[in-house]
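Just below is one structure, and these are the notes that go with it.
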Amino acid sequence: MEGITLDLLILQLFTGLALGAIYVLLALGMSLLFGMLTVVNFAHGAFYMLGAYAGIVLLGFGFNFWLCLLFVPLVVGSFGLLCERFLVRRLYGRGIDYPLLLTFGLSYMMVEVVRIVFGTQGMQFDTPDMLVGATDIGIGYFPTYRLFVIGVTFAVLGALWLFLERTPYGLIIRAGARDPQIVRILGIDVARVWLVVFGIGTGLAALAGLLAAPLQGASPEMGNSILAEAFVVTVVGGMGSLVGAVIAGLLVGVVVAMTSLLAPEMAQVSIFALMAVVLLIRPQGFFGRAGLMS
Amino acid sequence: MSDIILRTEAVGKSFGKFRALSGITASFPRGALTSIIGPNGAGKSTYFNLISGAFAPTSGQIVFEGQDITGTPQHRYAKLGIAKSFQITTVFPQISTLENVRIAVQALVSRYDIWRPRSRLVGLVEQAGELLNTVGLWDRRDRIAGTLAHGEQRALEIAMALASRPRLLLLDEPTAGMSPEETRAMMDLIVRLASERTVILVEHKMKLVMGISDRLLVLHHGELLAEGTPDDIRRNETVKRVYLGQREH
Amino acid sequence: MLNPGLIAFCKRHRVLLCIAFLVVFPLLMPFKAIAVNILIYGLFALGFNLMFGTLGLLSFGHAALFGAGAYACGIAMVHFGLPWWLGIIGGVVGGMAIAAIIGGLAIRTRGIYFAMVTLALSQCVYFAAYQATSLTGGENGLRGVELTRISAFGLSLNFVDPLTRYYVVAAFVALALFVLSRILASPFGAVLEAVRENEARARACGYDVRMTRFVAFVLSGAFCGLAGSLQALHLSIVPIETLYYQTSGLVVMMALLGGMGTFFGPFIGAGVFLLLENLVSLWTVHWQLFVGAAFVCCVLFFPRGIWGTLLMGRAR
């Protein structure tokens, strides 16, 4: 345990925030899908993985990283729209199990198609030149790219907040999350709203995958393990709660970073242990509505 | 004074900041049919749910046969001798009518027996059959419960409630959503049941229960407005003002 | 389509038919190992279905119960040198023990939360096994669960012979099928139905819903633990992936494919899944694509599963 200084702890805190930022983006999408559509998206990890590969493809076409940040969510989100329109939509009203199982099968297919196209080996994903290196944050040097990930996530959070709070569409989405019946009574085309929500959710997952790719590379299986972690974040935050997703995402990121510094062998267990503890105290998570449990 | 079967002492319930029920103290005599009435939002259902143990009160005590039962888990109520029917019909919809009641009867005898065939439990089917007879559903015994008419499902629910041989039967708006014929049959059944045990009834439509109740409790805005015999209530000026003044629908 | 007399015959002699099927089954299969696999995963799926089909609770953590059985059996034999039959008993107990822990924590939650909590807790078990290298072999799996010869009732059987191995496993599976059918027909089986159908009414009838779920979860653990220990004996190794959450996904898939509302459905689902996997992997390494597609189609078009759809057709 020696050699652990306060500065090191603070640096690790930032590492945790960067990791947490990825979780936040994933959990936001997941929570949005659950809160609005009561769909538990088991393909969320696969959309995350698609985000990384879509980035590779677009970079191959000569796009730069900044354009990728814009286009990857759009491309993958559009694919998400198609999935909703032709597959998931048929299952609304059939309970929570069927969409879950459908997306589970879907993720199998997506992973395998990526294996066929890009091979089973993982691929390298270079950090964009501008973001290579480290930046002095006062207490020491911190990888610039990780700072960038934190920044992008907060920018996305801000944009999402503005969209939900300040646009008429956001108002409908928020009302719909609270009570779909009301939205329907108001004569709004709920199906279209749900379609858009699915697009946003999967687009956010893709953005998370793109941002994670320079940190860990891209591989067909990259979504598998993070899916379980994203579930934990969503559940800890309270399913359907966007605020919960943000807070739980950052918390889980920091907890993982801290345990991997202090007790590396406990790092992966810590996530699930955290969740078990939270659920024992508050079965619906931080901000979950108890009613959603049934 | 006659024997008191159930007493609530200053029971209140709040949901967050909203106070649904402020301390209600009332006694229910054994053997009587007591109706709890009041306009919409009076707190009838909250009061019913507290008595029947669906949720625990935020304050106060519930005493059944001299024993404090506040906060007793729901599944123990059957054993205490209290049974209820819900406001929303709750039967086992994909199981036959007879098996519905048989499962209810079984709760007294066997809950965790994983080995003996259930047909080996002696007398359960017969008891279930008798209960179906009591509520007039014997000829429906082989129908899947979910396919019964609304009124029949409510009757089935009462048969299931009777399975635990309750000394106190709680009914939450048993005629809700029923046709006039079904309502009449249900009121007949309730009168019959009340002749053998204590019944507490929550009802929105005052007219229905005036004639059959021994006692009435009137709730308004989460408070006990009046209690007494139907004649007392009819003469009560406050009740007239807040309740009878409104047109019933 | 089917003759009603034939159906009545099948119903009356279902026990005999089951045994006959188990006897003939390996002879119909392309190779014996897959027949053993189908039995083991079929049993796993049946144990899982006790929660999902019978009680209506979707668990995404059954890999932990299956894996606990496999590891308990393996550890008993490898580290403690116990005989195989004690290994199997250990597997059943191990499955029940993990089920009691996971169930005890998860039973408070319902619906989607139950699925997520069981998933997370089973991942805890996975990472714990991953770290406990000295006991479990960690990443490399637990090797050396060797069983070559079985001596019982004065008989000495060669467990290496595929057909003998099949019949030994089949004997355990038949026993488990019998026990499971007893449970479903028992008074407790009626309580399970009641809880699935209407929780509030079951509670009002006087049934302790949480306790009922807990008992069912532990029973489910016994069946999955048995399946796991048979798997350990069959493979003579316990791969760490046994505990990974995708194993849970696999068993959900099998149950759904076969028809979760039926007794034999999960078994048939396991059989079809493994056969499909085997056949497709003969001509392409990308079998997951087809399995995924089959799964999606199944959810969309045959939500009752293969067996469930057949039974529906018969009822019509």
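Assorted remarks:
Order of writing sets the chain letters: A, B and C. Residues in each chain are counted from 1.
As a working rule, a contact is a pair of C-beta atoms (placed from the backbone, for glycine too) under 8 Å apart; a residue touches a chain by one contact, two chains touch by 3 or more.
Computed from a prediction, not measured in an experiment: that's the story for all the values here.
In terms of the distance between Cα centroids, subunit C is separated most widely from B.
Taking the mean of all protein Cα atoms as the centre, the chain whose own Cα mean lies nearest is C. Centroids built from CA atoms put subunit B at 48 Å from subunit A.
Subunit C has its Cα centroid 32 Å from the Cα centroid of subunit A.
Rounded to a whole number, the gap between the C-alpha centres of subunit B and subunit C is 43 angstrom. Within subunit B, contacts with two or more other chains are made by no residue at all. Within the complex formed with subunit C, the subunit B residues making contact are 73-79, 83-84, 86, 90-95, 99, 102-104, 106-118, 121, 157, 160-161, 163-164. Taken together, the subunit C residues at the contact with subunit A in this complex read 58, 105, 108-113, 115-117, 119-121, 123-124, 127-128, 130-131, 245-246, 249, 252-253, 256, 286, 288-289, 291-296, 298-300, 303. Note for the complex: subunit C touches subunit B at residues 182-183, 185-191, 193-194, 197-198, 200-209, 211-212, 215, 219.
Residues of subunit A touching subunit C in their complex: 34, 38, 40, 42, 87, 90-91, 94, 96-98, 100-102, 104-109, 111-113, 115-116, 224, 228, 231-232, 234-235, 239, 265, 268-269, 271-273, 275-276, 279-280, 283-284, 292-294.
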